Amino acid sequence: MPRSLWPWTAVLVVLAVMAAVPSLFTGIDPDAADLNAPLHPPSAEHWLGTDQNGRDLYARIVYGARPSLLIGTGAVLLALAAGVVIGVAAAQLGRVADQVLSRSLDVVLSVPGLLLVFLVVAVLGPGSGTAAVGLAVVSMPGFARVARSEVIRLRSAQYVEAAHGFGWSRAQVVARHVLPNAAGPVLALATVSLGAMIVASSSLSFVGLGPRPPTAEWGAMLSDSREFLALAWWPAVFPGVAITVAVLAVTFVGQHLNRRVEGRLS
Amino acid sequence: MAGVLKTSPAGAAAARNGRRSGRGRKTLVRLVLVRLAASAGVLWGAVTVTFVLLQVMPGSTADVLLARSAVGPEVRAAIIAEYGLDDPLPLQYLTYLGRIVRGEFGESYVLRRPVWDEIAAQLPGTLLLVATTLLATAVAAVVHGVVSANRRAWVRSLFASAESLVVALPPFWLGLLLLTVFSFTLHWFPAIGSSSPAGLVLPTAALAAGPAAVVAGVLREGLLRAMDEPFVVTARARGIGEAALRLRHVLRHALLPVTTLLGWIAGSLIGGAVIIEIVFSRQGIGRLALSAVANKDMPMVIAVVLVTAVAFVLVTIAVDILTWVIDPRTRDAGR
Amino acid sequence: MLVLALAAGCSSDADGTARVAGGAASGGGAGVASPRSGGTLRLAVEKEPECLDPHQSPTESARLLTRPLVDSLVYQDPRGGLHPWLAREWTVSDDRLTYTFRLREGVTFTDGRKFDASAVVANLDHVVDPKTKSLLAGSLIAAYESAKAVDPLTVEVKLKRPDSGFLSALAQPNLGIESPATLKGPASKLCAVVVGTGPFKSDGGFTPQKGIDYVRNPAYAWAPEGAARGGPALLDRIEVTVVPDNSARLGALTSGQVDAVTGLAPAGIGTLKNTPGFALHTTRFPGANYSYWPNTAKGPLSDVNVRKALRAGIDWRRIVKNVYFGVYDGADGPLSASTPGYDHSVAAAYGYDPAEANRLLDQAGWTQRDAQGYRTKDGKRLTLRHMWSDPSVGNLAVQIQAAAKQLGVELVEENLDGGTFVNRLLAGDYDLIDTSFSSPGPDVLRVLFGADNIPTPKRGISNNMARYDNPETEAAFKRALGAKDQAEQFGVYAEVQRRITEDAAVLPIYSPLSTLAAREGVRDVRFNVDGTPDLSGIWLAS
Amino acid sequence: MTPAGGGPLVAVRDLTVRFPTRHGVVEAVRGVSFRVDRGQVVAIVGESGSGKSVTARSLVGLAGEGARVGAAELAFDGADLRQVRGRAWRALRGRRVGFVLQDALGSLDPLRRVGAEVAEPLRAHRIVPGRQVDAEVVRLLGEAGIPAPESRARQYPHQLSGGLRQRALIASALAARPDLLIADEPTTALDATVQRQVLALLRERVGDGTAVLLISHDLGVVAEIADHVYVMKDGRFVEDGPAAAVLESPSHPHTKTLVGAVAGHARGARPGRVSPSAPEAAGTAREVLRAEGLVKRYTLPGRGEFTAVEDVSVTVGAGETLGVVGESGSGKTTLGRLLMGLLEPDAGRVLLDGRPWDGLRGPERRAARRGVQMIYQHPLSSFDPRYTARQILEEPLRADRTPREERDRRVALLLEHVGLAPDVLGRRARELSGGQRQRLAIARALAPGPQVIVCDEPVSALDASIQAQVLDVLEDVQERLGVAYVFVSHDLGVIRRLSHRVVVMKDGRVVESGEMEKVFDHPEHPYTKALIDAVPRFSSRFRRVPGGRA
């Protein structure tokens, strides 16, 4: 791994730990409302200041890491799983299945993303889980398409053809050669989407589709901050920085990993 | 390349009975027709999915509709009767489908107006924003991409990092910052939604930044890849200038992926502009749809879904046509 | 985003008119300079009506936006007094079932048609016609039976039963008189364009997410008695823009994009207070305070002691002061102190007394404490599910939650989507619901605590969210309806207020403010009887 | 031909080209000197990576990104190219020096009409007034022997056959009537007959007095037209002289291998082995594979049917090699797939050991599959990129559940068969040289113990010297294991060397078949004749030399 990437990897690790055990980073209760200290600017006591309820912003950002990152990650994982299944099915189960599935994907794509998420959330009720599901639904077609085209591409690959020659069954060939080699591009898409998904999930909580208050979530914190923009800049800045840094870390490390994979395969 | 190999015998065959161009146009027509046919299915699917989702949403439509009201039983009954809210679902579905086919989108439960008037009132705002955003994206991307393309490796990576940064900015946050700085503080631009040129600047910027960065990256990759193609050496060996080389040869190749990408962006913007519209208090079809969903306003939601779905279909077809124009190889590919 | 409709709706629906305590403008309004004619008022409003027609729409915004367009038979001044308007005078029969109105002459609608008795009949019939699908107006005159034009300038209205609130109901924009021609047209048209006899007209009408533009009605000569000024309005035009986002609206004002804004958030008010060149005009909304409504029918809060403990054990005033930057006042009773018929004697019961609260809880049997320090009774934690669907009250909820924890009570905040919210409301599956309820007089108590207003699946949404059912109050409500004059009516409602306070059937939090923030040049900002700003009285100094 | 007056057109002394890379400087050209006179054809021959292309490109300043070109003398028509910088090159490129790259498909911009490509030098150098460009383009295309030039000019590269593309490319290179034409592998990847025509075209040009610098790996081509030949290896000229001399009496060992390779194919013999003869008299050999009246059609979307294989019947005896000759599009590859049961014929049937494919289902069929294996033209793409050589070789053995230790033994044996050292086992295919890869492919094909191996152009992607080695391996394996080959190739030399019997395919049909010697020495079908004539003259010229280069 190149030197330039070390800091980002570090960031990623820190964020992961934050999401896992936030208490390591702060002793302050993120939901403790201090009636006497609303919108206090950054200070020794409150490193990043306090929000409109006098809650410590630093603590909320630390505790916000889990929902903020988990929704996006969960969405990607769900989309990945569903997408691969559908994509492979479309590629393997013959023309009819392919047509049906591909058109269905078009349907999903044709409905505006946010509206679709909104519908899903409305059906399942608001919350982190449903937000993740909603995002997964919206982003699944991408994975399905890549998986499908990869499988189709590999089906005619010479080494797959050769493998048939050794007397493997169709399933065996798919398992031994098609899926492992299709994994590369699909995972590449996954790492790329992860950043986008984190941004997307924050957008959701921004419009109130995320986890419920008082849960600390970066997008939601930004949403709250709008009210007090004229009074306090810090609640409107730090959560945004958190999101951006997180996404950057994911992107850079992800890109590197992808290059590694490509390098190994071609 | 594979595509080329696949199609070349066909092309040669066509060449032999030299009526290629004619058939080429035919392939385009066929392509478009096929797509349109398929898209009919897509639209139907979109409507159906939306209908189902709206039905499985908790809360009876009547209750949600009357949530904000104080009405006597007879009014409640009148409303339920008028919208056929207690008909069996299949019946509701079929009647509604029938209406749509006849082009009647009905009246909004909540706004009590023909949904069509409503959309007609809101769509322009969104389309305008989408248009300016696409324009900004394309221009910014091409300039940035071309400028950064023939530079040293480390300069390129610098550009690339900058792009990653822009992409990592949540658009709504960017919008918030722009609004605070340029509107609330500096008073350079209006603070609330207006379709005046000035009013479009900030939303467009907030919306276009991310896509522009992505496209610029793709474009640059494309340019670099194209520069490695053998025909570039050949062209140079003919003694043409670098400018001409980029203009006549390289750029077109790089534009192929960009076209597809722009199409995708356009499609996603029509529905995706909502958040920015909210931040900048612009009127738009997105906000219309969201509040409609919140109120289980079925006719409105489905109408919006239909409009955006049609837009999506048209955009994809437009992209296909563009690709057809830019890349002759696809013309003989059929589909 | 999700169904703020419900909470927002409630905060303004039901029994229309309100009387404004302190009446006229606070802040740098009332003119030093003498009124001058001309100019365009650019106003940014927070909410928009889903349909403009006040006969159909229940929303506060519909009232605000149609008041300049339509006049009413009766005018109710900010102090609640009733005065002639389109009706020159009226008489009430002894059985209080027949009202006879003598109409003003020479009044014309802005579409040129004449105003007469048939117009009044057409309007009243239109409001109660189920096909109109009226979401509020119809229920305001639920007692209405029929009306007939005795002669071109005389209308006789018959009621099914006595209704002491009938006249003030007629004073609402919701029963404003619209041009009969338009009433015959499709209801959908009325949602955009309303034609009345008012000081302003709007041919373009209302466009959702955009707003509405008015131009002065030069022929206007029938301003109500007791109004600030007769004759045509001073403003040439009013341009209203809908801007839901609070910060954007404030920004629009401070950046001079608009002259005035309504519905400022407390934070915004706080900001504006220390911005020179702007004036803040406010008035308390009359009616029920913003309150937590306990489910008195089931759950822990069916125990009056627990309700009382909650009322005494949380320092509501301090929280309000904090969250709302000292802008909102604390509450002393079921009704806001500005409501006509408010009974001051109950105020004492609404003080902060943690000791008493803990005593009550112990007495109620919630004696044990669990690991997190919450009170328990036979192993069950004292948990209250607070159901809300308007994120904007989040901050308040957070602070109340924290305060309740001190008391050993766990508040679970349930931020629900509209559908689920409605279902659980109808099923009575909640412990607390929050909402306010602006309203002109003590009548609102009937709406909020009457047994036949308990929301049920059969009845659908209704407003007795405390699910309060008490024979005493039921009887009182009957007497109130039949009251022969306001004094008698108020007397009855004073009893009711004491009864409700005794039962702690509501946990009042603050009295909401109706606000209009404007640049200095905007003069004579008054508020209508229902708390909405009176746009047609405004003039521009520069 | 002799230089036409004046100094040399091109004079190069001690040309060196270096490429600085992350791993230090790579020296592609290490001090070569040569000259080209007007009207002369000078050839630089060498295998891939020998530096021949870079040498040629340095003459037009296109040696490549960051190339460091140095020379004691680098002159074109007296002008010192060392002084030429940036834009100045453009006066030279296309105007004075035409440039033809190999792979015409990639060298013509696929997005632009052929006409536009040809017109480019005309416009760039204002050779003719704008109005006349189109006419001139048509004339040039016609001159390059392209039929119906008007319509062709309006077409796109992918719509032209390889030969036509190459002609178009040459036409554009000659558009400005340059004094020097640099032709880099102008005929690679072209079918023999087409190759012939293109070479003829080049020769014609020389007739007009244009000098040609010909870059090629193919001695055959060089023999056709070169006056003077430089043999290049690792950035140096190892030998040079008049074509005939160099080719007929090569002195440097590398030249010998090159010559030997070509010669070997041509004579169908190599040192220590007389012309091949089947174990028993061909045909009477126990028949392992039989195809009867095979037909395979493809429907091309929108443009009807295209018959890849039409009524083809062949038989392959145990341990014998059936050569399948044909040019691209003749259906030979499709035939191979049909024989392997990878494709279902639309008519006719294939019998393996007397059992028809179509009779076999499920496990049976899979078992039978192991009886026929395949070797591809590009071995790399026939290996799973994730696999090491060991995994590649073990896979077929795992497929039939060969126990572990047994597997190791077999793998070792396979390596030995194909002459690979065990140390390759740890590496992935792309870390191996072209020759090693193809050996690995052979070893893998042998692993299931097949009776027949279908070889689809197994050596055409390899350098001549490597080709020879791989062919040796194939022969050894056949001798040791008695496996039969179906050997598909367009290269008559290769076919001739390996085959016992031959079928000649054209447009999906078998036009001629029989004993190799018979078909090659007394071809009956005109097409076969044409094919054999088309083989570059050098080989025939060479065949006259008694005894060959044993």
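We just call them A, B, C and D in the order they show up, numbering each chain from 1.
Just so it is clear, a residue touches a chain if its C-beta (ideal position, glycine included) is under 8 Å from a C-beta of that chain, and two chains touch if they have at least 3 such contacts.
What you see is a predicted model; the values in this text were computed from it and never measured.
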Ranking chains by how close their C-alpha centroid sits to the total C-alpha centroid puts first chain B
Check: interface with higher C-beta contact count, A-D vs B-D, is B-D
Taking each chain's centre as the mean of its CA atoms, subunit B sits from subunit D at a distance in Å of 47
Rounded to a whole Å, what is the gap between the Cα centroids of subunit C and subunit D? 88
Centroid from C-alpha atoms only, then distance subunit A to subunit C, rounded to Å. What do you get? 44
Check: subunit C positions touching at least 2 other chains come out as 1-2, 245, 247, 254, 417, 419-420
Where subunit D touches two or more other chains simultaneously, the residues are none
So subunit B residues touching two or more other chains come to 57-58, 184, 278, 290, 294
Subunit B to subunit C touching residues, read off their complex: 57-60, 62-64, 66-79, 82, 107, 110-114, 118, 121-122, 179, 183-184, 187, 190-193, 278-281, 283-284, 287-288, 290-291, 294-296
In the complex of these two chains, what residues of subunit B are touching subunit D? 4, 7-15, 18, 20-21, 23, 26-27, 30, 229-231, 233-241, 244, 248-249, 252-253, 326-329, 332, 334-335
Subunit A to subunit B touching residues, read off their complex: 103-104, 106-115, 118-120, 122-123, 125, 195-196, 199, 202-203, 206-207, 219, 222, 226, 229-230, 233, 236, 240, 243-245, 247-248, 251-252
Which bits of subunit A are touching subunit C when the two form their complex? 31-33, 35-36, 38, 52-55, 121-122, 125-126, 207-209, 212-214, 224, 226-231
Give every residue of subunit D touching subunit A within the complex, in rising order. 340, 342, 366-367, 369-370, 372-374, 376, 378, 381-386, 395-396, 399-400, 444, 447-448
